[in-house]
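Attaching a single structure in structure tokens format; questions to follow.
Order of writing sets the labels: A, B, C and D. Residues in every chain begin at 1.
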Amino acid sequence: MKDSLKLVVIGGGSSYTPELVEGIINNFDRLPIKELWLVDIPQGEHKLNIVGKLAQRMVEKSGLPIDVKLTLDRLEALPNADFVSTQIRVGLLEARAHDESIPLKYGVLGQETTGPGGMMKAFRTIPVLLDICKDIEKLCPNAWMLNFTNPAGMVTEAINRYSNVKSIGLCNSPIGVYKWLSKLYEVPTDRIYAEFVGLNHLHWVTQVTVDGESKLEELLESGESYTAKNVPGMDWNAKLIRSIGAIPSYYLRYFYLTKEMYAEQVAAMEKDGSRAIIVKRVEDELFELYKDPNLSIKPKQLEKRGGAYYSEAAVNLMVSLHNDTRDIQTLNVPNGNILPFLPADASIEVNCVVSKQGPMPVTVRNIPQGVTGLIHAVKTYERLAIDAAVTGDRDLALQALTCNPLVPSVRVAEEILNEMLEQNKDYLPNFFK
Amino acid sequence: MKDSLKLVVIGGGSSYTPELVEGIINNFDRLPIKELWLVDIPQGEHKLNIVGKLAQRMVEKSGLPIDVKLTLDRLEALPNADFVSTQIRVGLLEARAHDESIPLKYGVLGQETTGPGGMMKAFRTIPVLLDICKDIEKLCPNAWMLNFTNPAGMVTEAINRYSNVKSIGLCNSPIGVYKWLSKLYEVPTDRIYAEFVGLNHLHWVTQVTVDGESKLEELLESGESYTAKNVPGMDWNAKLIRSIGAIPSYYLRYFYLTKEMYAEQVAAMEKDGSRAIIVKRVEDELFELYKDPNLSIKPKQLEKRGGAYYSEAAVNLMVSLHNDTRDIQTLNVPNGNILPFLPADASIEVNCVVSKQGPMPVTVRNIPQGVTGLIHAVKTYERLAIDAAVTGDRDLALQALTCNPLVPSVRVAEEILNEMLEQNKDYLPNFFK
Amino acid sequence: MKDSLKLVVIGGGSSYTPELVEGIINNFDRLPIKELWLVDIPQGEHKLNIVGKLAQRMVEKSGLPIDVKLTLDRLEALPNADFVSTQIRVGLLEARAHDESIPLKYGVLGQETTGPGGMMKAFRTIPVLLDICKDIEKLCPNAWMLNFTNPAGMVTEAINRYSNVKSIGLCNSPIGVYKWLSKLYEVPTDRIYAEFVGLNHLHWVTQVTVDGESKLEELLESGESYTAKNVPGMDWNAKLIRSIGAIPSYYLRYFYLTKEMYAEQVAAMEKDGSRAIIVKRVEDELFELYKDPNLSIKPKQLEKRGGAYYSEAAVNLMVSLHNDTRDIQTLNVPNGNILPFLPADASIEVNCVVSKQGPMPVTVRNIPQGVTGLIHAVKTYERLAIDAAVTGDRDLALQALTCNPLVPSVRVAEEILNEMLEQNKDYLPNFFK
Amino acid sequence: MKDSLKLVVIGGGSSYTPELVEGIINNFDRLPIKELWLVDIPQGEHKLNIVGKLAQRMVEKSGLPIDVKLTLDRLEALPNADFVSTQIRVGLLEARAHDESIPLKYGVLGQETTGPGGMMKAFRTIPVLLDICKDIEKLCPNAWMLNFTNPAGMVTEAINRYSNVKSIGLCNSPIGVYKWLSKLYEVPTDRIYAEFVGLNHLHWVTQVTVDGESKLEELLESGESYTAKNVPGMDWNAKLIRSIGAIPSYYLRYFYLTKEMYAEQVAAMEKDGSRAIIVKRVEDELFELYKDPNLSIKPKQLEKRGGAYYSEAAVNLMVSLHNDTRDIQTLNVPNGNILPFLPADASIEVNCVVSKQGPMPVTVRNIPQGVTGLIHAVKTYERLAIDAAVTGDRDLALQALTCNPLVPSVRVAEEILNEMLEQNKDYLPNFFK
């Protein structure tokens, strides 16, 4: 087994980086990352330097033989990498602010990964990541690419269908479910098992066991569920949940409570502006902290940022890939036959045994009838949108958006699309050739 | 081959019956129906007598040896029937008026077969038809049941899943497509072929040929399509249709133009009342005409009623079943493997070779990616609703309605459901045990 | 609709050609083939001239405006063809004689299309036909290719998988079944319907109706079945057939009666030599007849040749493709979802609706459990053998032959393969690069 | 978690029992089996007493609080059992001797689990086990049934399809593969991963990793493979194996080397009599040893018996089920979608994550094309044979045997079947009603 690993972080100037660095330091014995490259684009140089220096101070404090390198040229960083992680935000938070606000004007939810906002993020992001993949194919074809970049399900599927890179999509939400259950039942997470059915940001938990005993019935009765900070915690209808027979991801509020979530967004927008603006404020504060040359640990305040457990997810995955642990993690991978109504190459979120050869999905025991239609509807939108992102075909983009269950008509879809494409013009060369 | 056939029409007092009688008279040489039983319930006795006498006058005029019998007791009519056709309306047009008006109050489309109104019609109808099926199983187990009763796709699936009756679902919409194309291209319908993909009231025409030459591209370019009188003819977005690559059923306006169709309904309701009320007026006029003892043909005015081609669809199907013609008709039958993402027992609308042994679906060449999600979403709603209709499970009804793509949230679903169940109390013994 | 069609017959010097010419003459009103090109290779020039002149005399006698052209250069013949039919025999009957005799030495059935002999015929034929396909792609890409060349199922699949030519595989065996039933029930074939499940030369008839009434049970009881002249008519075991619930193709004797058919072959070989030698004798006699300048009709003796109904199958198919008749014919086409356990691109033999756009398979109602394993085993062999034919990979050829259910071990497979490859060296450039 | 478990061993008088007892003793800390019931039939009382007393002495020596109980009445043993394991041999070794010798007379392989012998063993065993299952359903419905009884794949499938017992099929062969690899690469088994595709006694190893690095290519090149003592270790053809791309189970020699294995069996039979007779001799010796009142450990000689690792397989499975370990074991479970060409309820041998809720199959990465046909052919035979065992339908039995790839014709099948049914008359009440 290799005793020296190289990790390249694309979008290394992200405010999340210190969390990842902390994870790397804490797991060095199982995951000897000795080269850590933080890569960013020229516009991100300032932030890269701030974060990079903090990372270097953290490593120095740890006393571990980890070399943190900063670069604006990924071609310098990629050769022979073992892992490449991506956490980029094309158009920065400013673009996100538009993703969140424009749809609202047309009566449609505005959200970073769901609905028109998610599609626009996919349009900006997919071509950039496919370019990165071309470099990975040449410079480090055996590397595992860990994709955190949202919308992670669509991005991962795009990479799997349009490149030869070995890519795995990751989300902090499944870990969040385990943490919630761990707290609820007062047992460590390794005594819990949760079965996930669905897509990224569109999963249902169809089984929960503690020490192997099912807790599903009591959880369905209690109506309790896990909600992350970035999605308002509106109450589910307990009858619906019991009838489905599975615990929905908090993102499913956008689908089961569309009308009410829209109203909440409109109210929140009026009160505080878009969530992007709030996040921007948190980020600015974080970077102020990061600048402090005496800071050599991850600051507490990072937890407010909303990406809890990202580092844990990433490190867990790398540890398992490196050590061939064959433990089970919830990942975004090609469907195969797991959900038999979806194409084999559709990315789904599912429990996988993680070996050095990569993730092997574990059969799901139970696919509740009531969830199949929504999964298929959203996946249909996703596949059309991925193809539109790659080709720049506007009619396809219109079809994709019309197929999105949150959009109430093709006419509304067209109005939103026209404004959003125009707004994102600078980031959409495929659509403005 | 039998030279004497018996047809039992359940709901024989319907205003449509004269059209059917005309079809039977005109096709007597290929379809020797010598016993025609018109069956209705006691509340429909008055109408049954009016329609029945007209039918008798029509037959008399034809000089054919057809015996028209009227009864309020289906047990008298069913023994040894060759065909049973159903055209019932549980709750009459009054119930339909509520189906159409109640959802509008909650911001949701009100329609006879689509959305909450269609679900309520299914709830009223399915248990009644399953009772009829029990009698058919005993009294004429070899009969073919032709089901016109809406929502025809759901009702047919319910019968296929919950009874042993040989049932086929029928709709006038596919014949309408052929008639439209025939007029457009000025050729008889037998030189036209159209391929249908989808469900009842939710199909797309994925291929059109005239003398075997494809006309699909030019039709997609032209943006022309077929619309029946009962659905407002709002313009499609031509870019969407071209991008899908198939011609949508006019019912798909409810899904692709939800917002605009809702607005149209609200305006129409304010102006003219619900469509049920308009239909009621037409029906009343028809029955006035039917009463005329000098009338012995189908009156022209029946065409306004909206059910054009129903008789043609029914007679065509019986002719082919009786004569083993093995021609192709578009029918509602169990899916098998035709749409591989749906369960085998889901009813779909598809071209079938019709033999005496029943319909054999013909493989579809092309399932456009963009239609799969919506088909699956609607079928998921349909299956949950069918199960709710059979069991009277309110939570399941709530889940079904929430899964309907036209309903914007579980809370709205619950409000609509509560009012509609209460309104339909008298017709829903399963839900009010 | 075109009023002038062009047919190119590859292998036009075949003794079958007069039958095809007769069919063309008799169907001229529905199928106006005005150019008939007979193409052969230089070694076949002598036979081409004899057959070609007979064809010209037949056409002349008919008085129809059909131009019969002979050529040794297919590039001259193919441009703008509407139909291309292939009836070639790479290596001639001499090669067939080896296909039939060599396996016998190793205790294995020797047969033209089944077992090692069939594989060797596929190896000789597939590369030649793929070369022809390349010319068709360039010179007449819209032509329909009718493939009669055996093993027709494998050859058709190879063309569908490795070229873009629109190809349909044809066999006389399904028509034979209809003729047999027509005689048995004394009704014309159009009142009969037979459902076929399986592969070319490996089908089961799972339903038979006369005027739509099932005759399956009585046929299974009677133990009667159809057998062509080229396969010995050994008795089935009636219990087996009843238990399967379907009537096997006469070719299935090679699988259900392997031991006894082998013994029969060994005895026949000792008595009369291989079947190829018998056929050679018939052919020589036919060509003597064909030479007669006074002969201007198809001679009766051709019927002994064994390819009865080939012309009928070909003409029926061309008539339906040309006229968009949408009648049902039994053809070899890609599987799609018809047999859900086989790959979508596997060629199967199945009832199809034949339109101008090509054949559309009709769903099979019933796949008896007991036939699935044998179909899959033989198709697995076929797919490996097709890939071996295309690549010339000897290990793959060995794997294919070992997977053939008639071959009792890999060691036997290797011995047979070594001798047969060596014997066929001149015709297997892919294997002797 | 329960701290006191109850295991019932059906067929407890087996010579294997001491191995199982040793395993239970050694794993008591993880698997607190405090009640161990050994159940046998009256004819087995003598052996049960011998083995039972040895078991009691072993437990006594261990000092653990394990209560070993002997009974001839399973109704006494089953109530509230946590685990039931079955290791029965209906007809004893005498019946096996006939299974092995009769087919040889007809030119067909005689083997305990494969071919006609395996079918006859299934016929004797399945009805007995289904009777036991009825008792389990009543007396301990939550128990896990561990089935070792051969043919384990067929028996497990029969139980899954015809009872409600939670049953898992087990074989020592996959553990054997791990042990072989462990020795070959000189690493402990937990650093090895092998992927299995296929059925019980009909699997291929499609991937082998050591510390996550693939060793498949080098193993295929080397031609090495694992062989247990009970199957002659005839050399594979290396070209075949490389071309398949997977390492076949040693049982696959019966299919890839049918002719040679038959010859070997005939020779061995002449020399030593059937394998049953050899085993009988070993067993007699073992029971002599077991009688020794001073023996309180598993005697070394048991290893010669051929069932190596059975105890390990059983204990591993019970430990994981009890402790919800979620490690990976190779088990016989219903297929689901794993092998998409087989029915969902077909039992397959596949890697599973074992939780307290039972095994969850792990997706296989790679199904070599060349293995699908043989798997499907054998599974088709198995399913027909299972149905014949349950119904006693002789025609179905004939169909099953004819579909077995080792049987060369229906006539041979009928001869074998007649003799074997007659020979087994006393054990086949379903066939001799």
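Note that a contact is a pair of C-beta atoms (placed from the backbone, for glycine too) under 8 Å apart; a residue touches a chain by one contact, two chains touch by 3 or more.
Which chain is which protein? Per UniProt: A, B, C, D = 6-phospho-beta-glucosidase.
What you see is a predicted model; the values in this text were computed from it and never measured.
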- Query: Among all the other chains, which ones are in touch with both chain B (6-phospho-beta-glucosidase) and chain D (6-phospho-beta-glucosidase)?
  - Reply: A, C
- Task: Enter the minimum step count from chain A (6-phospho-beta-glucosidase) to chain C (6-phospho-beta-glucosidase); a value of 1 means the two chains touch.
- Result: 2
- Item | Maximum centroid distance from chain A (6-phospho-beta-glucosidase), chain identifier (CA atoms) | C
- Note on the structure: Residue numbers at the chain C (6-phospho-beta-glucosidase)-chain D (6-phospho-beta-glucosidase) contact, same meaning over half shared and different meaning under half, come out as same
- Measure off the straight-line distance from the CA centroid of chain B (6-phospho-beta-glucosidase) to the CA centroid of chain C (6-phospho-beta-glucosidase), and report it in whole Å. 45
- For chain A (6-phospho-beta-glucosidase), which residues are shared contacts with two or more other chains? 340
- Query: Pairs of chains that touch, anyone?
  - Reply: A-B, A-D, B-C, C-D
- Report the residues of chain B (6-phospho-beta-glucosidase) in contact with chain C (6-phospho-beta-glucosidase) in the complex, numbered from low to high. 1, 191, 193, 207, 209, 211-214, 323-324, 326-328, 336-338, 340, 353, 355-357, 360-363, 365
- Note on the structure: Residue set of chain C (6-phospho-beta-glucosidase) touching chain D (6-phospho-beta-glucosidase) in the complex reads 107, 236-237, 239-240, 242-244, 256-260, 340-342, 369-370, 372-374, 376-381, 383-384, 393-396, 398-399, 402-403, 405, 408-412, 414
